[in-house]
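Each of the next two complexes has chain A plus one other chain: chain B in the first, chain C in the second.
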Partner chain A sequence: MSALKQGHLQGTTLYSYTRMFHQRQMTMEELLREVARRGQGPGIEVIGFQSIRNFPNPGDEFIGKFKDLVAELGLIPTSLAVNADLGLRRDRLLTHDEMIDYMAAQIKLASVLGFPVARVQISMTPDVMEALLPTAEKYNVKLGLEVHSHHSPRHEEMQAHLERYEKLNSGYLGFVPDFGATTVGMPPSLLAKYRRSGVPEEMITELLDLWQVHHAEGAPKDGRTQGMRMGQVAGIAAKYGFGETAIDYAINHCGLFGHADPSEWSDILHLVWHTHGKFFGMQDGDEPTTPLVDILKCYADAGYTGSISSEYEGFHWDEISNPFDQVDGHQKRIREIMAGYGYEVRTKA
Partner chain B sequence: MMRDLIIEKGSLRLDGNTLSIGVRMPWYRALPLSSVCDLVLDIDGMAIDKASTRWLVNGTNYREDELPPLYTEWWFVTDTAILSGTLTDEQVASLDLDAEHAIHVGLGIYIPYIDAGAGTLLVHEGNRTTMKIEKAAA
Partner chain C sequence: MATHDTVLSKQSLTATANGLSLAMTVPWYRSLWVSSVTSINVHVDGVEVPQDKLSFRLNGQSWPMSEVPNQWETLWFMQDRAYLDMDLGKAGVVGEEREITFHIELRLPYMQIKPGLYLPNIVHQVVKLKVQA
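Showing the complex of A and B:
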């Protein structure tokens, strides 16, 4: 039997443990120590506006402590998730120049903290991305535009980015795939939560049927289609007396469980350095919502050697499962699949 | 998101005619104060006086209409905001201080990085529970 080739870098994101942090059960330092103790690194991703007070200007004391802690624990910073808050103000959107300044401050901090990638979001236009290229080069931080449900690699907005990045060929502008863009259903843990909340079976059946209709149509290629689909879901919720929380149903249904085919990832993997291994809950050793075998086939075929954060998002509705156990299970499954494709996932710094 | 965490346990207070409660963020990342709107606090179906609504965060007790311009002030993920407002004398008199009360808290949050097509995504969240009014410290 031939030796396994060196594969991607295993990692996690502190987003997976949002409930523990939000409920003040664990500090950022305690989360990082538990990640290291469980061997869920070495890659570590942080959302700046989640974990860091006064982001992106946390002060020298925080910066020093973070770098010392990461070094002590043998963790490798992979991606600082930064936010493109175009709608920061109530009176108007940020201008092009304001967005440049807003993002540059976050990219600079990514560099200071030792992150090689800054995850950015679709509220950035190709023009803003191109304008930030000198900043990315100056601080030696690659910018990865997250491809998150409801978007997908072949969405018209992503195509515009892809075209620009390929034209610039800078080595600094690329993508961060999120596996939630390519799902095969609604998560069993969400349906279980709906049932615990008193949602009638008839409504669950309608939601599942509608999801399949959308899936057959495919990922929405424009905002109008997405808005119409969210309205359909909210209408079902309202019909059954859940109008007050209809937006939750719509965001879950249309915002989290994307309809693109996993093969679309192959279109952009040449411009990918970091990935969100989004998942919603392990079941019997597998992830029923994100088809890991199909998704990771693209990664194996591309010879991907970047990093993948296991990103547990079932915490939105699942207040019971331990997110550290969830990440353990997800990473184990990924290692198994990649070994089957001839790759050994890198689990050591 | 995480609406089960919005109402902080043991945080309902009545000080004179001012009713207050601790509110936790129904989102995962810090939001600018300009994101917060449409504040609701009801007790036993009685709403606080809308004009008296206050939002205490980072040491300042803001009127609701002071929040929209505050896009450089942040509500951090682990911080509790205190939502308060006044009840009428009659409403206060109707409250049994030893009983459980039906509480409804609601708020809107603009998600600044998500374009909903017709503008920045506005999510209305809220929760209902029953709880007792905490006794004032002696």
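Showing the complex of A and C:
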């Protein structure tokens, strides 16, 4: 058997452990130490507005401590998730220049902390991305636009970004795929939560049937389709007396479990340096919602050597599973699949 | 979706000199500017507390509810607790059990659905809490 080629960099995101941090059970330092102890790195991703107090101006003491800790633990910063809070003010939107300044401060901190990529989100237009290019170049931080359900590479908005990035060919503007855009169902752990919280079986059946209808139609290519689908889900929730939280059902149903075919990732992988290996919960050694075998085939075919964060999201509804165990299982499964494709996942700094 | 069940805890309700106070965790996975809070409504034992009897307190600053949407320079950090102070006209009684109906609506400032319309995050909870000292 021939030797395995070097594959992508294994990693995780502190988002996977949101519940522990939120409930003040663990500090950021404790999370990083547990990540290192379990060998869930070396790649480490952080959401700025989650983990860092006074983001994006945390002060020199924090910056020094973070860099020392990462060095001590042998971790490699992969991506700092930044946010475009366009609706920060109630009286008006941020102006173009204010938005550039708002993002530049976060991109600068990414550089200072040693993150090679800043993850941005879809509220950024191709024009804003292009306007941020000098900032990205100045600080040597690549910008990765997250491709998150309900979007997918072939959504019209993503197509506009792809066209612009290819035209600019800067090496600094690209994408961060999120595996939640290419799912094959609703997660068993979410349905279990619905049942625990008294959602009637008839409503669950209706939700599942509707998900399959949407899946057969495919990922929405525009905002109108997405809005219509969310309305359908909210209608089901309201019919069964869950009107107060109907929007929640709609967000879960239409916002988290995307309908695109995994092969769409191949369209953009030449502009990808970092990836959100989104998953919702391991079951019998596999992940039932995000089809890893099919998704990772695209990565293997592309010879991808960037980083992948195992991004556990089941914590939103599963208060029973241990997120660290979940990430262990996910990374093990990814290593197995990649070995089958001839790649050894990089697990050491 | 996110972390809804964490906004209030069993220790959230405390007695104050003129009523009760509720400790709240930001019901989202990231810190949000205080301006992201669209509204909070609370009923105590089925009786709605008027908006002008509520104030929102965070890290030593306090605002009437009408001023909360204007606080776009103050960050509600993930690990900090904000407090909803309720003026009920008499001191809270430690040890009593009160039924709290809590409804908070946020708008997520980075998730614009279409111009001017943001993805909301809504948490609606009915809980029985014992008043803490």
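Throughout what follows, the second predicted complex is superposed on the first by the 349 of 349 C-alpha atoms of A that agree within 3 Å, B and C clash if a C-alpha of one lies under 4 Å from a C-alpha of the other, contacts with A are read in each partner's own complex, and residues count from 1 in each chain.
In this section, a residue touches a chain if its C-beta (ideal position, glycine included) is under 8 Å from a C-beta of that chain, and two chains touch if they have at least 3 such contacts.
Note that the structure is predicted; figures quoted are calculated from it, not measured.
Chemist: Should the pairing of chain B and chain C on chain A count as a clash or a fit in the superposition?
Modeler: The answer is clash.
Chemist: Looking at A:His316, would you say it contacts chain B, chain C, both, or neither? Reply first, second, both or neither.
Modeler: Both partners, chain B and chain C.
Chemist: Contacts for A:Leu256 in the overlay, against chain B (first) and chain C (second): which applies, first, second, both or neither?
Modeler: second
Chemist: Touch check for A:Leu86: first (chain B), second (chain C), both, or neither?
Modeler: Touch status of A:Leu86: both partners.
Chemist: Figure out whether A:Tyr15 sits in contact with chain B (first) or chain C (second), or with both, or with neither.
Modeler: Once the two structures are laid over each other on A, A:Tyr15 reaches both partners.
Chemist: Which positions of chain A sit in both the chain B and the chain C interface?
Modeler: Residues 15, 18-19, 21-24, 47, 49-50, 53-55, 83-90, 93, 121, 123, 223, 227, 244-245, 247-248, 251, 315-316, 319 of chain A touch both chain B and chain C.
Chemist: Can you check the complex and tell me which residues of chain A touch chain B?
Modeler: 15, 18-19, 21-24, 47, 49-50, 53-55, 83-91, 93, 121, 123, 223-224, 226-227, 244-245, 247-248, 251, 315-316, 319
Chemist: Can you tell me which positions in chain B touch chain A when the two form their complex?
Modeler: 1-5, 24-25, 28-30, 32, 34, 68-69, 71, 74, 76-78, 110-121, 123-126
Chemist: Per the contact definition, I'd like the list of chain C residues that touch chain A in the complex.
Modeler: Per the touch definition, chain C meets chain A at residues 1-6, 25, 29-33, 35, 69-70, 72, 75, 77-79, 103, 107-116, 118-120, 122, 124.
Chemist: Could you please specify the touching residues of chain A with respect to chain C in the complex?
Modeler: Going through chain A, the ones touching chain C are 15, 18-19, 21-24, 47, 49-51, 53-55, 83-90, 93, 121, 123, 223, 227, 244-245, 247-248, 251-252, 256, 315-317, 319.
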